[in-house]
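Input: structures, listed below.
Look for subunit A in each of the two complexes below; its partner is subunit B in the first and subunit C in the second.
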Partner chain A sequence: MSVANAAHSVVEPSAGTRRFAGLLVILYAIITMIPLVWIVLTSFKSPDDAISYPPKILFKPSLEGYCNLFTTRSRQTPEFIQTLGQPHGLCDSIARSRNMVVAGPSNYVPRFVNSLIIAFGSTMLAVALGTLSAYGFSRFRVPLKDDLLFFILSTRMMPPIAVAIPIYLMYRTVGLSDTRLGMILLYTSVNVSLAVWLLKGFIDEIPREYEEAAMIDGYTRFQAFVKVVLPQATTGIAATAIFCLIFAWNEYAFAVLLTSGNAQTAPPFIPIIIGEGGQDWPAVAAGTTLFLVPIVVFTVLLRKHLLRGITFGAVRK
Partner chain B sequence: MNDLSASSQITYRAVPVRPAVVRRIRGLSDQALAWLFITPTIVLLLAINIFPLVWTIYLSFTNYRANRANAPTIWLGTDWYQSILTDPDIWAAMQVTAHFVIWTVLIETVLGFGLALLIDKKFRGHGMWTTIILLPMMLSPAVVGNFWTFLYQPQIGLFNYVVAFFTGRGASSFQMLGDVTLSPWAIIIVDAWMWTPYVMLICLAGLRSIPDYIYEAAEVDRASNWRQFWSITLPMALPFIMLAVLFRGIENFKMFDMVNLLTGGGPGSTTEVASITLKRAAFESWRTGYSSAFAIILFVTVFGLANIYVKALNRVKNR
Partner chain C sequence: MAQIRVEGLDKSFGTFHAVKAASFTVEDGQFLCLLGPSGCGKTTTLRMIAGLELPTAGTIRLGGEDVTMNRASARDIAFVFQLFALYPHMNVRRNIGFPLKCEGVGAAEHDRRVVEAARILRISHLLDRSVSGLAGGDRQRVALGRAIVRQPKCFLMDEPLGALDTEMREAMIHELRGLHDRLGATTVYVTHDQLEAMAMADMIAVMNNGIVEQVASPRDIYDRPASLFVADFIGSPPMNFLPFRGRLQVGAQAIWLGEREVAIPAAREALVESDLVLGVRPEHVRFTDRGMVRGEVYGSEYLGTTQIVTVTTRYGALKARSPSSICFRTGESVGLDFRPDTLSVFDKASGRAIRTALYEGGAHG
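And then the complex of A and B:
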């Protein structure tokens, strides 16, 4: 920038200011991380440690929460358990120490798989549709362009419960209630607006001259789109896909109202994990931890594009 | 709205100068391709957003109940709208929503802008700490709501323990989620925890959009730091702050998942925000016609806010 900057800018904060600012921010970051750390810790606690008073920071790690998350158990008499012979695996021996036997797998894995299928399915559809439309809006003269773009964005602003009422009736009529396909279509329709807005921003940044050069070399417009624009937009498409994935992964309102068994995803399932006598907090914490891990990874991957994603591509830094 | 495409149209003008032959040697014309590309998205949105919306408008004028689909449907006209707008329960829900929206947006803006100011000092390692701070806003509001119920447990919860530790009160002497005066604040705390980073991130972009030379000029004029903040920093970051405020306002106006899991609207209806009222009417009492009318009222409100939001977006974009 300017010469003044290169020497020593008057607007550069002093070392003391910096250190003080850093200290406050780190303090905030630590406080804000406590709930998350607490959930991860709780997932490794035994049920007694999880509900002890005062709350335990040091405890003997246990995998009971994870075992309870993945299995269902039934209570048996000690005499019956003695007749069973060796326990099958770690979870069975933990269960037996509490006079229970593992009865079978829980519903967590199927719900997690539903989450994966619905999130990836809707993301692929939304990004595919979004890329095409974004290119259309970016490069061609479209009548009522601004109105169409506003219309597309406004569909994302709708309160989910208000949308869910007619969707519920519509899906009941066409047989899409509680199906993965129904949820994929619904999430696609919510995500496509974000995809169009974000990708339009990314494609706007690719110089038109590239395609024009390719077209002069004999490519059709479509070939130029596939062979020139798409490779240039890879980063943008990847960032958009992760945003869509996160939305579909986190979504709760539609999932809890429109699915009950077959197509239920993890967010409506985790809160209803119940043990004997109330909520099984270590199991809930274990389910939460496993569910949050992908998001943490994605956030770190996305950190450069976060701002763009949350402002529909308007703010680019 | 028109300023949105102004720049793209200017560059577009340059294109037709090239011979049309180049553009359509083979394949489709540009116009056909444009429609081919845009139509699938529009069709999907028409099928899954607009058609249901029209259906909702129709239902809002009838006595239809989703759990009695075979009962004869009677046309009621605007009866539901009149009864909703005069229903004290609805106005109570609107007040709860307003309380929630105003306080969360206020707290998040103050904290978020403050944090952005601090992070903008570019201390060592600010990138890593910023990423850590941003984590809560990426999480599922439902899962967040659910694990905060654990932190809020009266006897065993960490939140109660910490408050008890610092204030000397008994950890089970207060219930964040079960108390009429505390529960509205319980949901505000969780929302602020989750969304302050969002406001921070947008404010940070605003601060970084202010060119250094303005501060240098102010420095030359010997303007105090205080003066610089009020005459440069705040006014120039204001469009960004407004954007964050509007978006949080819209999102919290339709807040459902987090509140549903934290309190479910309770105790009684002290935290019953509009979306919870709507869910109760639509999916618990099955008053489909009535809830459709309420949904339309919420739609119109959000639509109006979204309009303002897009204008704000474009203002920021043109900076």
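And then the complex of A and C:
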């Protein structure tokens, strides 16, 4: 303590304070990590271990959850199974140990693909539209600019699900229900307001002189936008894309309501994976674990931008 | 390079009238400074010449061609911004070469011209550096490099030295003027700094409240100000103003300041009895025992070779420039005399300078 006090600084936190802050962060990290760790552990448990009480921390790892996630199985008599030849791969042998045979692939992969297409499609659309309109609001004298911006923001003032029934009826009428296009449009319309507001803040910070210089150097406004504004807005675009993607990827309520066979995304699919005699918890956990992967990869790839994006504007240069 | 001709240029932003009927001509190869206090419309005028703003009325001709409504990219001009506007995501070489990329110049020619521009500005060693690490003066050189690489019709500069420290600014003033002369460029330069304008310009256009008050050489601006505003704005300390009431006849060589007669350059116009202002530069105030204005020394500022002495008189505080060898005591009673051939007379209501012999032989605004 005496050493820390000797080099006392007004702006720098002392060593003790810093250690305490570090401890808090670690504690918070542990608390938030526990459910995730629990999900990942459960995905490697056998169905019996998954529901045992007290819960098992140490267990014999099994890939049964993942096998059940990707396959459908049918129960057979042991005599029939005897008549079959060698099992086809790992999953088949796990199934046979439970008197079942693999009947075919499950719907998880198509649901996952739906999620990828809808989430990334709507994110790209929302960010593209958001960047263009944010640029317009930032640079041009738009009539009723403030009212329009408020109107755009006001679409976020109610929970989106409040308009679920009108949207359901509307989608049914125009034939958009249970289509990927319908879901992309829906998530885009929810995200675009966020994108406009976030990106307007970023573009406001880019001096107009850059585009003016480019326009004087012979470029059109659109060329200047592409060559000069976009490269400098990458931080904002990345941060906005992550926020949009997280929303579209995780959205549950509309997905349950508007999709079923064709365009269903992973979130409504995962909880209803039914196994032998009820919920197949390891398979649900396996589906959730894999569902986390794309968003983690995307966030890690863009994390430098995300950090800069969150602190953007706090300190110039 | 080309002549720039601005006629009756007007610009309104909503109800705010930023530029009012501005007219001036910059001859081929001339260096014109747009000088005025902030908010006077000088930058707006420059931006209209550049095509970054469209005028409400008036015409702009570049080399005889009417470009009033052309977009900036079609005008073939170069613009240097106060904050440089270097693209942060490109290095020095790509910044300088950016205008050439648009013109579709071949790779060899592109390289040659970038290297040549860098050589002229002595930044060859910086070509592969990132612009974010550069000092202010070097950044401004890169911005100039981007301007000269294309060999445009004219250069427009918006307070390009405003962001530099004093020492760097001094050096850049000479560099800029030298560059202008070597390239034979037509340049319009916006500044609020009269010393910068005086040091660099062939012609100065003084603006105030959106109006071009006077366009003339630096010498004429200083010696023959066309209005009270110009007389007050130019010079440090500014011109002394002594208000009086009187009338003038053509050829009159004196006015009555109170009960004393003051000789002035011969009047070239007649005026009925009205409120007038006599203008005297501090360096044209002399201390004499039998002076026509008496006052008390209020204080003096020592400036090295000269000093500025403030004297309280019945016309207000007058400032006089005198050799610093003379010693003045505060409170001392002194007489002041004015050099007759340098005095200006202004009409108080309009601010306009009265035509006298002084204003002949010099260019009028």
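The working rule: the second predicted complex is superposed on the first by the 274 of 317 C-alpha atoms of A that agree within 3 Å, B and C clash if a C-alpha of one lies under 4 Å from a C-alpha of the other, contacts with A are read in each partner's own complex, and residues count from 1 in each chain.
Just so we're on the same page, a residue touches a chain if its C-beta (ideal position, glycine included) is under 8 Å from a C-beta of that chain, and two chains touch if they have at least 3 such contacts.
Please read all numbers here as calculations on a predicted model, not as lab measurements.
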Inset, instruction - Go through the superposed model and pick first if A:Thr220 touches only subunit B, second if only subunit C, both, or neither. - result: both
Legend entry - Touched partner set for A:Tyr28, first subunit B, second subunit C, both or neither: first
Inset, instruction - Figure out whether A:Lys145 sits in contact with subunit B (first) or subunit C (second), or with both, or with neither. - result: first
Inset, instruction - State whether A:Glu79 touches subunit B only (first), subunit C only (second), both chains, or neither. - result: neither
Inset, instruction - Look at A:Glu212 in the shared chain and tell me whether it touches subunit B only, subunit C only, both, or neither; answer first, second, both or neither. - result: both
Inset, instruction - Look at A:Gln232 in the shared chain and tell me whether it touches subunit B only, subunit C only, both, or neither; answer first, second, both or neither. - result: second
Legend entry - Broader residue contact with subunit A after superposition on the shared chain, subunit B or subunit C: B
Inset, instruction - Classify the contacts of A:Arg18 with the two partner chains as first (subunit B alone), second (subunit C alone), both, or neither. - result: first
Inset, instruction - Please identify the positions on subunit A that touch both subunit B and subunit C, taking each partner from its own complex. - result: 212, 215-216, 218, 220, 223
Inset, instruction - Quick one: which bits of subunit A touch subunit B in the complex? Just the residue numbers, please. - result: 1-2, 4-5, 9-11, 13, 17-19, 21-22, 24-26, 28-29, 32-36, 38-39, 42, 50-55, 129-130, 132-133, 135-142, 145-155, 157-170, 172, 185-186, 188-189, 192-193, 196, 204, 208, 212, 215-216, 218, 220-223, 246, 249-253, 256-257, 267-268, 270-271, 279, 281, 284-285, 288, 291-292, 295-296, 298-300, 303, 306-307, 310-312, 314-315, 317
Legend entry - Residues on subunit A engaged by subunit C in the complex (per definition of touch): 207, 209-210, 212-220, 223, 228, 231-232
Legend entry - Footprint of subunit A on subunit C - complex, ascending: 50-52, 71-73, 75, 77-79, 81, 83, 85, 87-89, 98-99, 102-103, 146, 150
Legend entry - Complex contact set, residues of subunit B against subunit A: 1-2, 4-5, 8-9, 11-12, 15, 18, 22-28, 30-31, 33-38, 40-42, 44-45, 47-49, 51-53, 55-56, 59, 66, 115, 117-119, 121-127, 129-143, 146-148, 150-151, 153, 155-158, 161, 171, 193, 197-198, 201-202, 204-205, 208, 212-213, 215-216, 219, 240, 243, 247, 250, 253-254, 256-257, 260-261, 274-275, 278-279, 282-283, 288, 291-292, 295-296, 298-299, 302-303, 305-307, 309-310, 313-314, 316-317
